[in-house]
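The following pair of complexes shares a single chain, chain A, combined with chain B in the former and chain C in the latter.
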Partner chain A sequence: MRLTRSGVATGFIVVLALWLGSLVTSALPDPDDVYDQPFVTKASVNQEVEIRTAKLNVTGVRSGPEFQYATFVDGQAVNGTSTIAATTAIWLVIDITYEPTGQTSSLQGLRVKAADGRLFGADSVTIPCGPTQPGMALNCAIPFEVPKDALAGAHLLVPAAGLVDAADSLADIDLGIDAAEATTLGAATERQMIDPKPAGEG
Partner chain B sequence: METRSWWRRNRNWLAVVVPVVAIAVLATAFRWFMIYQPNEWSRPTKAEGSTGTLHQEYTGQDGNRTSLDVTVTLGGVSEISEFEEAKAAPGGTMWLVELNLTADPEQDLASCMISLIDDQQVRYEASTVDLGAGNNAGKVGSTDSILWDTNRLDCVPEGFGERPATWTVQAAIVLPTGTAPTSVEIGWRKPQYLTFSIPS
Partner chain C sequence: MGDERPATDEPAKPANARLERAKKGYSLVSDIFTPTRLLVLLAVLILLPVSLWGGLDAVAETPEDLPTVDAWEALETNPLTITPTKFLYGDSINGVLSEQIGARYLFLAVDVTNTSDAPVSSTLLTSSLTLGAQQLKTTFLHSGKLAPPVAYRINDGLQLGALQPDVTVPVLLVWQQNSAVPAPAEVEVTASSWTWRADSLTGSLGWRDQTPEVLTTLPLTPAGDA
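And now, the complex of A and B:
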């Protein structure tokens, strides 16, 4: 077999292409690692963020050893609507404005993620936020029972359809809790009121 | 020495590339067709005028194939100030949908979805199904002042005994004030539903 100039060039190009291809594939994430990962949109407090099913805005973070969930009129809980829950840890209460887009829905499946990766849940069966209609925002407060050492650096995860580990849209909201703020939140002693209401009611 | 151009020499293989790419795209879209689409209200049957019939075949809880046949007549869609003592939340306007249904009394029609759709294809839903936990808490804030969804939506007449062959369903749905509905949808089991245009 005789080596020709074009044959050598072709061989060189093929080897070069294989080498470049291996560089690209080694730089890309493994398909198995990303196949079921959520599509994350990052935000912070008082920054509106849009996920596939809704627009969200975390407007505040507070805490206390107890919360009271009720319908309040003139600051007083309406008879028969009140639930009080206490904890030996701390209730981290997140105020959030929730407005569905596209279709009627409720805010479900939220998690607080601690800086070390621990996840803490809040069940919308006990503290509902919705359902509400597109274009009609709700001001909700969602309590999470967390140990005090989980406060600093905590994030709120809001999934589009109730599951934070689904391959779907997910808001990752930095709650802006530094070490000093975590100490203040952890030492709170006041009962927190939870009274979801339409954003139009203020 | 081959004198034909590369494109000409390989035209048969190039022609094969087109269907191969199409098959590859379809094969990778199985989630869309097998999971997402069947679990959304994705297959409309458009009513001619004010009356339409929904025919649907599905597998019941007993594992047997069964069918659903309902004839629906749109009685009307109108703004109302309140419904069963509930009023729209601030910024919202309540609309009443009236539908006249005809179906074999043996069919299971207890859980249904009724929606109003606006000109941007946004769905405003009253449902006895698929609103999750919130369905138990449709009324938030002042229980007398807000109707987020009709927890009280009855797709079939209340009471015991055999269901009549014809009955009327009312659903009150809140839309943001200034938004007018352009169509009505009713369905029992995803993905099929019946849709009516609202006469302007």
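And now, the complex of A and C:
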């Protein structure tokens, strides 16, 4: 058989197409890899994000060695409503606006994910956010007990229905904590106040 | 075909003869060794050596070959590191636990660190520690040696919630003991490990398969002496 220039070119193009096809196939997610994975929507601080059950907006982060959860009037905790929690690590308090979209519900199952993959829950001392009605936003502050080395690069995960590993809608919010901010947050000494209020109130 | 019949009948004769001899021999003792008595004898012959080698003993709650550590040293388990710091008994804690007739409190203070990479429930800690003391119960009046204690965060007095990765939490574990039983001078404490795996029926992940991991003996002192 005699080789021609067009034959060699055709062969080369066929091999190249097969190679490119294999590259594309290997880069695409395998159905088994994504079957049970959540549907992630990424956001950052002060950016509203919508998941299946709610609209969310992280408005800030703060920290302290203690937090006080209470109903405050004129800066003073109302008698009988106060819980003070302390830690050997640091309380990372995340201010978040929560507005259910479908039905009355509460904000549940949140996790802070450290840059190295460790997960921290909001249930060292459980502080409620809600229940509230669809369309009625609530300003909440959620405390997470974390070691100081987990602050830099941390993200907040908010699941639609309470489980961050469920195959459901999930908000992944970059808290914008760089190394310098982590040092500042880790050195905080003031007690943080937590008092859920409807959005628009103090 | 006709040649094959004598060949198959020949070996049957000795077997039938042996069977007849066995029947004859059994007929001599059949009034003593009835089938029922033979079954009882067989059961005795099986159970006797099994029981002699301890096969019928109650399963030990604490394996005798557990590694032991000195008092107040860290108990390394999976996924918790538990370091006892104080072990006291008393009648009450002001504002938290009131005095109860017929019972004393045992207070075990520990520093707990979750060494996994996700939050761990407080019940994993309270289920992990077992005291070798008599007539224990929890403050919720469940009786039994394995009664889990109630757990409080020492730094703020709140009931213990989840334990976060790499955060050491001072915790007070509280049992109750019948005060009619003298307070022991020392108590054996067993700490268990757990395995993170999926449930075979539901597929849900969790800490399962509690296994005693390490043993220590702690002196118990009156709270007034602390």
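Keep in mind that, in the parts below, the second predicted complex is superposed on the first by the 171 of 202 C-alpha atoms of A that agree within 3 Å, B and C clash if a C-alpha of one lies under 4 Å from a C-alpha of the other, contacts with A are read in each partner's own complex, and residues count from 1 in each chain.
We take it that a residue touches a chain if its C-beta (ideal position, glycine included) is under 8 Å from a C-beta of that chain, and two chains touch if they have at least 3 such contacts.
The model shown is predicted, which means the values in this text are computed figures rather than measured ones.
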item: Chain A as common anchor, with chain B and chain C clashing or fitting; value: fit
item: Partner chain(s) touched by A:Lys197 [first = chain B, second = chain C, both, neither]; value: first
item: Which of chain B and chain C A:Pro134 touches, first, second, both or neither; value: first
item: Residues of chain A touched, compared between chain B and chain C (which is higher); value: B
item: Which of chain B and chain C A:Leu119 touches, first, second, both or neither; value: second
item: Chain B versus chain C as contact partner of A:Ile84, first or second or both or neither; value: second
item: Contacts of A:Ser169 with chain B and chain C, given as first, second, both or neither; value: neither
item: Partner chain(s) touched by A:Glu145 [first = chain B, second = chain C, both, neither]; value: second
item: Distance of closest approach, chain C and chain B, by C-alpha atoms in Å; value: 14
item: Chain A residues contacted in one complex by chain B, in the other by chain C; value: 123-125
item: Residue ranges of chain A touching chain B (in the complex, touch as defined); value: 71, 73, 78, 81, 101-106, 108, 123-125, 128-136, 138, 162, 195-201
item: Chain A-touching residues of chain B, taken from the complex the two chains share; value: 89-92, 115, 122-125, 127, 131-138, 140-143, 146, 148-149, 173-176, 179
item: Residues on chain A engaged by chain C in the complex (per definition of touch); value: 66, 83-89, 117-121, 123-126, 144-147, 149-150
item: Chain C residues touching chain A - in the complex, by the definition given at the top; value: 117-119, 153, 155-156, 158, 161-170
